[in-house]
Amino acid sequence: MLNPKTIDDASIDQRVYQLNLGPQHPSTHGVMHLLVTLDGEVVLKVEPVIGYSHRGHEKMAENRTYEQFLPNPARMDYLSGMIFNHGYCMAVEKLCGIEVPRRAEYIRVITSELNRIASHFIGAMDYAMGLGAITPFLWGWDDREHILDLLEGITSYGRFGGVRNDITREFYDGTRRFIDRLRGRFWDYENLINQNIIFIKRSQDVGVITKEVALDYGVTGPTLRGSGVGYDVRKREPYSAYPEFTFEIPTREAGDCLARYQVRMAEMEQSLNIIEQALDHLPPGPIRAKVPRFVTPPEGDCYCAFESARGAVGFYIVSDGSRIPYRIKVRAPSFSNLFVLTEICPGHFLADVIAIFGSIDVTVPEIDR
Amino acid sequence: MEVKGNGPICIPSRDLSQEYVESPAVVGFAPVQDLLDLARVNSLWPLTFGIACCAIEMMAAGVARFDWDRFGIIPRGTPRQSDVMVVAGTIPHKLVSTIKTLYDQMPAPRYVIAMGNCAISGGPFSYDGQYAIVNGADKIIPVDVYIPGCPPRPEALLQGFIKIQTQITKGIIDANRRADKAARKHKK
Amino acid sequence: MNITQLPYLKDIYAFLGSDVMSGMVGLLIIAAIVPLNVAFLVLVERKVAGHIQLRPGPMEVGPHGILQTLIDAVKLLGKEMVTPQSTDKLIFFLAPIIVVAPAFVGFVPIPFSPMMQVKDVNVGILLIFAFSSISVISILMAGWSSNNKYSLIGAVRSVAQNVAYEIPLLLATMSVIIMTNTFKMGEIVQAQSSVWFIFYQPLAAMIFFIATTAETNRAPFDLVEAESELVSGFHTEYTGMRFSLFFLAEYTNMVIAAAMFTVLFLGGWYGPLFPGMIWFLIKTYFLIFVVMWARWTYPRIRFDQLMNFAWKVLIPFALVNLLLTAIVLKVV
Amino acid sequence: MPTAEPTKPLENIRNSLVQVIPEAELLDRDYQECGYHLEVRLVMRGMRRMAREMKDRRFFLETITAVDFLEYFHLIYLFTTYNEASFRVMARVKLLPEVRPFSVWTIYPEAIWLEREVYDFFGIRFEGHPDLKRIINPDDVDYFPLLKNFGKTKFTTDIDDILC
């Protein structure tokens, strides 16, 4: 094998070749382009090329009022739209100093956690599909549809100062039923995937992210927790109603693809616990604080971090005292997580690149924004 | 072609109507053509090419609840073996050449569905000062069916497929192309 | 009453049999049956996949979608046949033709019942092995001529995989052959009239099953067209009917592999109640179902694991098995 | 409302930062209002020294971004730690146009991409960056979209160039 560090253009002509994975490729989760340099089947170098889904969200924010920008965060990371919506509302509330009613916080947490489960289903099952197992993917999506039904039922999109709609009886009962259903389903996934010898052989010791590498690249989310670092914004900088619930942050020490997959599956169970507690102790009261029709934050800036299904997201908002944000910057966890590929992929096989890419679970429009 | 606002002017480089390929197996014999149409209608294989949010809905159309395999729709990874291109999402400038290439790689007869507002007109991302996106898939490739929504539900996508099916069996798509061709001949 | 024992049928067979005539008729029947069989199998595959994945599969074309694959074939006939500019045109054109031919020949020596056999060639098993190796060449031709990196990687993987798995496959077959002392498939089946060889040779049967799955490029060994890595593998650049010829060959090879397993280990046409033909088909299609079942359950294994498995596990075990068989036969 | 209460570590980092970058202005900020605990104001120099110090204290680089104030830029670095007591330190570098800040990629490799992004959107060139090219916008464009005077000028993109 050639030394990855010594590849130059001359060696590319002779022995090494480049393969374009993407922009259109079945397993790149949207339009992602990985420029892979290969020696036979062994990967020497991976260079992700991004920007194929760039839509100018940040520029758009400077042309919109705070309210008009409200639909956008959900379209950055479309897999965890509720969480992004929650986070953006929190950021603006922090900037304006709006106090949110407790009931609204609970509803936000419930929807966020439901969305986290939905997102982890895609994350974990897309990984399985990257390994070639298509059935888990369809099973996961089937369960995800149940979550989407619930979320559709209330359309409780966050508004500044609270949520739009209160939760209904059907939502309450449906969520209870869903929790029971999903707890039963974990056994199926355990049998289908976790105990599958090929799955374990393909995942173990593949794409190991050490703690040092994670620190270098600012990795967050389940990808980091697979490396044994229990960093989760929900615990470290508790926001919303999270400090009122007891839940664990699952971690695995190995740092390989299997660990990341296991962390996702374990987090789903924790999310179920949070939802259950929130439903048990749902406080009465209003669902929205008195907020003017157009919020006008004072001059200043604020950074609001929260945990999406992919890692620590941050909204950095600079206000000049008008109705229109001066600048909104989104700290995208996928952006940092994706860059790790360049560090951990060399030396693996081509098939492993797909596996690693699937296991760090990125959303492309969130990277490109 | 005029584009409103100060957004980038997106004029196709060539006259696209010249690139319409008459489907190679258009037969003069009506029953055979009908049979072919029937076959095309019932096995529309889309290209797995999701761009943004709409791609998730497109994938949802393929899984257990909606299951587009019922209608004989199975996604293919390579454009060479697919019939329909579902442009599911916003089209940034960086992606334009890719979409064009993919469309050219598909064998005739090929159909295009523009899924979601972004692929129809730029949708929510079209505003004065937008620098990144193309305002609609039809600026780049000919589109047969538009599905509005942000994003549209999977049912809407299935309806879009059914719309294409009716267009094929009624000969609308091919008739359009023939009319185009005739118009061009007339011009000359 | 067994239909094959009807006197007049025997007369007809005698008229046609042991002649060029029988070969011709047999080949015609094969040529008619194989594509239909493949259409049926693709439908079964989609239905099996559907039901494993909690969805119904094709439903709209004909009752429960039984006409789906025929419709697909007609559609593929009507598609434009693209030959990309940078391909090696002649090889690109020849590859799908060459891939189909051995698939048809493979049916010749297979005994569906004592009578239903085109020709009981005295090197029947070798014939099938010899011709199935040709399909590798055609895959390599397809991959090379496409001038596409995905295709080329798929093709190279295919060659490596076939070289690796041919050996345990032959070794496993040999342990049956030395028990029967014949390459004639009909005689191998007759040797199992009391006990099926799968009970004498469970290890060989397992190795044979795994190796044929790999030989026919089915999951979990479908690295040749691994769609999550290589888009569509060696046939990425193929359109329309040419692409469907590759499909035809893949599924036909699957039938041949299952039929060989039935002949070698599952006692061919032997079985109670039903006529032999039915038993043969039941066994064959059950095996095909198992292969499909595995495909929709297991992930794909990695290339190096695949090679390691062949060279470090299957071949030693097959050799040991062959040796033991030989010793036992000598002693007994 | 619960808070992530900064305790002793914040004092430690504050003291060491004063030693490492004496020219910087250190401001305590209210976490409830701003979302970060400590703001370090720098002019031009000292960013790499600070990044080294933060790395030694096991902080990770959360993001780099810029804000265009027409006459000058604010270059913003956010550091957070994986440790139990989580708090956030912001470095705010005031940057005049045409001035090249130093890259911190040798300390945080992640900065390679983050700085490319800043360059892509603001046109700020980083000194010592190994591969400073566009990351999200196409390679051949000549605009920096997040500049404040960008939206007001009328511009066109020639799509023909991209098409073939």
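Note that the chains are named A, B, C and D in the order they appear, and that numbering of residues resets to 1 at the start of each chain.
The rule we apply is simple: a contact is a pair of C-beta atoms (placed from the backbone, for glycine too) under 8 Å apart; a residue touches a chain by one contact, two chains touch by 3 or more.
These figures come from a predicted structure and were not determined experimentally.
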Checklist line | Most distant chain from chain B, judged by the mean position of its C-alpha atoms | finding: D
Item checked: More contacts between chains, A-D or A-C -> A-D
Notebook entry, point to check: Distance-wise, how many Å sit between the C-alpha centres of chain A and chain C, to the nearest whole number?
Noted result: 44
Next item on the list: Measure off the straight-line distance from the CA centroid of chain A to the CA centroid of chain D, and report it in whole Å.
Entry: 23
Check: Between chain C and chain D, what is the separation of their C-alpha centroids in Å?
Finding: 61
Margin query: Can you compute the centre-to-centre distance for chain B and chain D, using the mean CA position of each chain? Integer Å is fine.
Written below: 42
Notebook entry, point to check: Going by the touch rule set out above, which residues of chain A reach two or more other chains?
Noted result: 25-26, 51, 54, 56, 59, 63, 138-139, 142, 368
Check: Residues of chain C that touch two or more other chains: which are they?
Finding: 53-55, 227, 231
Notebook entry, point to check: By residue number and range, which residues of chain B touch two or more other chains?
Noted result: 63-65, 77, 94, 128-129, 131-132
Check: Between which chains is there touch?
Finding: A-B, A-C, A-D, B-C, B-D
Checklist line | Contacting residues of chain B [partner chain C, same complex] | finding: 21, 23-25, 35-36, 38-40, 42-43, 63-65, 67, 69-72, 74, 76-78, 80-81, 83, 105, 107-109
Margin query: With touch defined as at the start, can you tell me which chain D residues reach chain A in the complex?
Written below: 2, 4, 32-36, 55, 58, 60-63, 65, 67-68, 76, 78, 80, 82, 84, 86, 88, 90, 108-110, 112-114, 117, 121, 134-138, 145-146, 148, 150-151
Next item on the list: Using the touch definition up top, name the residues of chain C that touch chain B in the complex.
Entry: 46, 50, 53-61, 65, 68, 71-72, 74-75, 77-82, 227, 231-232, 235-240, 243
Check: For chain A, which residues count as touching chain C in their complex?
Finding: 17, 19, 25-27, 41, 128-135, 138-139, 142, 192, 196, 198-199, 201-202, 349-352, 354
Margin query: Looking at the complex, which residues from chain D come into contact with chain B?
Written below: 137-138, 141, 143, 145, 150-151, 154-157, 159-160, 162-164
